[in-house]
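Following: one structure in structure tokens, then a few remarks.
Letters A, B, C and D mark the chains in the order given here, with residues in each chain numbered from 1 onward.
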Amino acid sequence: KAGIIGAAGFTGAELLRLLVQHPGFEVQVITSDTLKGTPLSEANRTFDKVSDLIFTDHEDDAILGCEAVFLAVPHTAAQKHAPRLLEAGVSVFDLSADYRLKNKAAYELWYGCEHCSPDLLGRAAYGLPEIAFDEIMRVRGERLSGRPALVGCAGCYPTASILAAYPAVAQGYVKPPLIIDAISGVTGAGKAATMKTHFCFANENLEAYGVGKHRHLPEIEQALGLGGQVVFTPHLAPLNRGLLATVYLHAADAGQAMDLEMIHRRYADFYEARPFVSVLPLGDLPKTSSVVGSNHVHIGLAQNEATGTLVAVAAIDNLCKGAAGQAVQCANLVFGFDETCGLENPALYV
Amino acid sequence: KAGIIGAAGFTGAELLRLLVQHPGFEVQVITSDTLKGTPLSEANRTFDKVSDLIFTDHEDDAILGCEAVFLAVPHTAAQKHAPRLLEAGVSVFDLSADYRLKNKAAYELWYGCEHCSPDLLGRAAYGLPEIAFDEIMRVRGERLSGRPALVGCAGCYPTASILAAYPAVAQGYVKPPLIIDAISGVTGAGKAATMKTHFCFANENLEAYGVGKHRHLPEIEQALGLGGQVVFTPHLAPLNRGLLATVYLHAADAGQAMDLEMIHRRYADFYEARPFVSVLPLGDLPKTSSVVGSNHVHIGLAQNEATGTLVAVAAIDNLCKGAAGQAVQCANLVFGFDETCGLENPALYV
Amino acid sequence: KAGIIGAAGFTGAELLRLLVQHPGFEVQVITSDTLKGTPLSEANRTFDKVSDLIFTDHEDDAILGCEAVFLAVPHTAAQKHAPRLLEAGVSVFDLSADYRLKNKAAYELWYGCEHCSPDLLGRAAYGLPEIAFDEIMRVRGERLSGRPALVGCAGCYPTASILAAYPAVAQGYVKPPLIIDAISGVTGAGKAATMKTHFCFANENLEAYGVGKHRHLPEIEQALGLGGQVVFTPHLAPLNRGLLATVYLHAADAGQAMDLEMIHRRYADFYEARPFVSVLPLGDLPKTSSVVGSNHVHIGLAQNEATGTLVAVAAIDNLCKGAAGQAVQCANLVFGFDETCGLENPALYV
Amino acid sequence: KAGIIGAAGFTGAELLRLLVQHPGFEVQVITSDTLKGTPLSEANRTFDKVSDLIFTDHEDDAILGCEAVFLAVPHTAAQKHAPRLLEAGVSVFDLSADYRLKNKAAYELWYGCEHCSPDLLGRAAYGLPEIAFDEIMRVRGERLSGRPALVGCAGCYPTASILAAYPAVAQGYVKPPLIIDAISGVTGAGKAATMKTHFCFANENLEAYGVGKHRHLPEIEQALGLGGQVVFTPHLAPLNRGLLATVYLHAADAGQAMDLEMIHRRYADFYEARPFVSVLPLGDLPKTSSVVGSNHVHIGLAQNEATGTLVAVAAIDNLCKGAAGQAVQCANLVFGFDETCGLENPALYV
């Protein structure tokens, strides 16, 4: 029995797409602050002849009868729902930023608001199974002993950036600062209609935004153990889904260039057992179109010869592996399903 | 046990996407005229960590060991494979135009080449279950009594056009000629790299093409029983997938405008039991984005008040319901699976 | 000396693009209801190092010192400005719908509001020089004799639809009803940020809208002399600029199909002297990309053989020939400049 | 009198668009290796009712009667034309890479072929007026004294990258290696129809390519005086035109972060008198859509607080300022026209 709070937005719709086909979770409650009483199939025609669900409001207590609830609401709103749900024995998978950072001060600095359930920050597992598997197993264990799980699912930019950098950084091969240059499709900007998301302004346009100030920066630094040493620049490009992160890795030992083939083997080994991560053969670089609609991550490596700098590139679908798919993957682990359950579909080729 | 001949093209890739997740069919053989020996996951990265299949060539006899084979090759090529497969006891689902028309002369006129297995034209069922269910049940019956089935799956434009027009035309409400104006995404133009499919020429462009000459015209006329009375104009627009057909229906009785609400009820009744077709409420018109990636069809109706003309609009995914999904739907029916088996996934909301 | 009321919208920006390079008009006043005091180059970066203009508000009397004023405001707003300007001796080129229809009742029926300066409807020239040249010459003459000109510039869909149909309809070759199926880019939906103009909903989507109810219908009927006999269906496709109208022409004499070559010659003759209209050779159909950014119109003709129906297709840039370029073309004629003055630039090839 | 060799490609068409409106150059000869005898307006409909030019072939001696010839052919082909033209007294503006590098060995290393007129490398001016004004003035002077000019116009990626980095690098503020991350529209991949330029593969996709190996790297290093110290990663995004370069600038003095406001003033001062370069106010970052179709460059600066790294972003139209517009700008300077002559048009707002 599952519920989704905030099911009318982009990540909410993506959760529904994945969960209506999931053999282990049955969505019973979906909420929206504006669509109470509206059938899902009317608000979102993709569910016509697929689902009979009807939106209820956020306050509906039916949600407390679920075993797993996904929070697809903005940060600060998630903080209000999580404590109430946990108290009622419901495991919570939060897709907002509210439970990603371990440090209350960092949260308050970057998000510009007080955190109203800081005691839960330590309890939450970081929802990026490829690098925080142990944390997720910990909350799974807690759930089995009666304490509902809380997972703060990783953000879209952090997912691609961290997975591209982690095997090299964790081995100590890399000298900071780490430069991450990323490009996202427009779904990353959310469902609100603004000048930024207006078709005519986003189409046929490229731009950088939030340079040095994007809120995903502290999350990346936390996961890589590189506090204050990451430069992160997000860009917007005219496509719906898809996120590409290009990470520049300078050798820790200035006198010695990194060995591309060795590093490539490390990456391949590190991710070999992970069902959603492919390290592409040398000479091949990832395309976001190969992963859109799926929970897969494609990583490619190359080297700038003269400087020896390694360039690691990762491609994900920002709404799936970067949000809803990741939450389902975490929920699979917490509830003991196969990690890929309900996430088996490959991307559309075109 | 299933096979795909021509698995490297757009419809072949779409068949693979659907069949690797299908609980009833297991793809064992995939062929390509150029990729023999290449792993699928190398030629098409969407299958990385999803499938271990390896391409073989069209002549490989392994294909004869399958129970169902999907032909995703161009017209004329399909004619060469079908007889050999049927003879070996393999049921054939042809996605090309070779077995859609019942009339040899019409085929040869429109396709400009001789048909080399005309005797099979009568045997083939027309693969559009919503209007040719009986034909498909007939070949299913034949298959059960030992004669392998042959289905000539409907084309993309015909699928949308016929489903938009059929309930009104079949009831005799409509006075010909019938005008059909349709728009397709660029996947409809195939995988060949040409000036027409070059990104920079297709992007930010709209054009009509093949006016009065498109080969889907006789197929539409055959299904609607309107030989020589259909005007069909396809257009190309800058998107990957999606096909919208707008059909203009003049009242058969010139003195009397059609009753929109009555016609709407007829459409709703006609399609009510069909799992993939939604007739939208009056006031609502279909969007291709609501069906892309799915096997669904959305149909909307409206009326031009002064002239009384009805306008029926249908939206499909040209590669799914317009090609591969339809073939799987037909195969489900022929092999006794649930009609929606392996086709349950809704479209991406965005 | 020229002014633009409503210079912050899409058509206002397009007027500015054309007029800052125009050798005959010098833009001195630009107004906006929200940007008073803001430099143009700040509100619209395309004018950085191009123009030093600063927005003033709609009420600024400086506008009354202009000789020509372009109204790029919504319908109903234009009615408020035009009388005041004309009274002050300023010629007015209205890009809204307020002075297109000759008939007050038709305006009030279709636009759902009273017309507050109905006496001007008869005075206004219809701003589509290719078919209303005489009207425009009339107001030019009036201007020369001291009465400022009023031009109600043609809408985007009407421009393409009328130019595609006119030579055949005017010759009496065509039997109504006339079916017009048109596709527009998203700039046609305006600058307001809505779910319809949200990138993620407009991108990778096709839809019809306003079937039988679009306000451009009476304008098309008026220009073609086909009151109550036109069926017009607009569609939206994922591109910024570009509008394609496909018009279906049935022979007036039911017993006799139209002669494609003869009609093609008539079209070619009719438009030969018009500097912006090209009738493409038979076998060639227009692409919107060939006219985007320019004031050109490309028209192609083809025939559906079995039914004899002629299909005429016209491509324009909806913001240029469909709005701002047309207004400048009209202003050129009214002020005695060469018709192509300031409109010489061809489209971008890609 | 001007000519264009290779006028059928993307940059050739862009040169034509600019030159048919140029008051100083009259295009008299256009060549193509495949279109000899074809009217321009037939090969490229954007010139219908605009130009009567007819293609001739590359070998036509009429080209030798021009005063200025633009080479819009691939590298290696340009080397064959330039010596013959110069000998005939024709000034040459080469849009290929053949005369950009000063060093024969570097050319042969990166382009993998011998240079057959290496003596001209020193004679050629580097065609990026904002940083190589003196070189261009030198060849202008030579032309005035009877020696035809040769200009090797800067590439698209180098134009954006160099202009973004130059003021800081030239002042010695920056510690190498310099990381440049750039994104280009698909016109940058040229007119050839390939899987890379196929609409369905380029659309809804992001990818990096040519990491560490792109041929624009040595050109960037040469202009910035940073041989072997630049890391350059180009990306492809789904739009026609537009190129964005994001450059990371670490402080030369490790102990001291760069002062953003001071650097911003330096950039503003450096480019103040340059008619096509805008340094945006702090807080604003460039959009490619603001410069598409124009010869303008927009540059924005921001800073990553924790590391102090400066991020400089530049936006250009890759076919205009990155190719044809730049060549016209250089030709204006060499022939004594105003630098902006024929290049005054602003971008389309949408």
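The rule is short, and it goes like this: a residue touches a chain if its C-beta (ideal position, glycine included) is under 8 Å from a C-beta of that chain, and two chains touch if they have at least 3 such contacts.
Fair warning: this is a prediction, and the values are worked out from it, not measured in the lab.
Of the two interfaces, B-C and C-D, the higher number of touching C-beta pairs belongs to B-C. When chain centres are defined as mean Cα coordinates, B lies farthest from subunit D. With each centre defined as the average position of its C-alpha atoms, the distance from subunit C to subunit D rounds to 36 Å.
Inter-chain centre distance (subunit A to subunit C, centres taken as mean C-alpha positions): 46 Å. Averaged C-alpha coordinates put the centre of subunit B at 39 Å from the centre of subunit C. Shared interface positions of subunit B, defined as residues touching 2 or more other chains, are 10, 187, 200, 203-204, 238-241, 286-287, 350.
Contact residues of subunit B toward subunit A in the complex are 10, 13-14, 17, 20-21, 44-51, 187, 204, 240-241, 275-278, 280, 286-287, 290-291, 293-294, 296, 298, 319, 344-350.
In the complex of the two chains, the subunit D residues touching subunit B come out as 10, 186-187, 191, 193-195, 197-200, 202-204, 238-240. Every residue of subunit D that touches subunit A in the complex is listed here, in rising order: 177, 179, 181, 183, 185, 200-201, 203-209, 211-213, 228-233, 235, 237-244, 246, 248, 250, 285-289, 292, 300, 302-307, 309, 311, 313, 315, 350.
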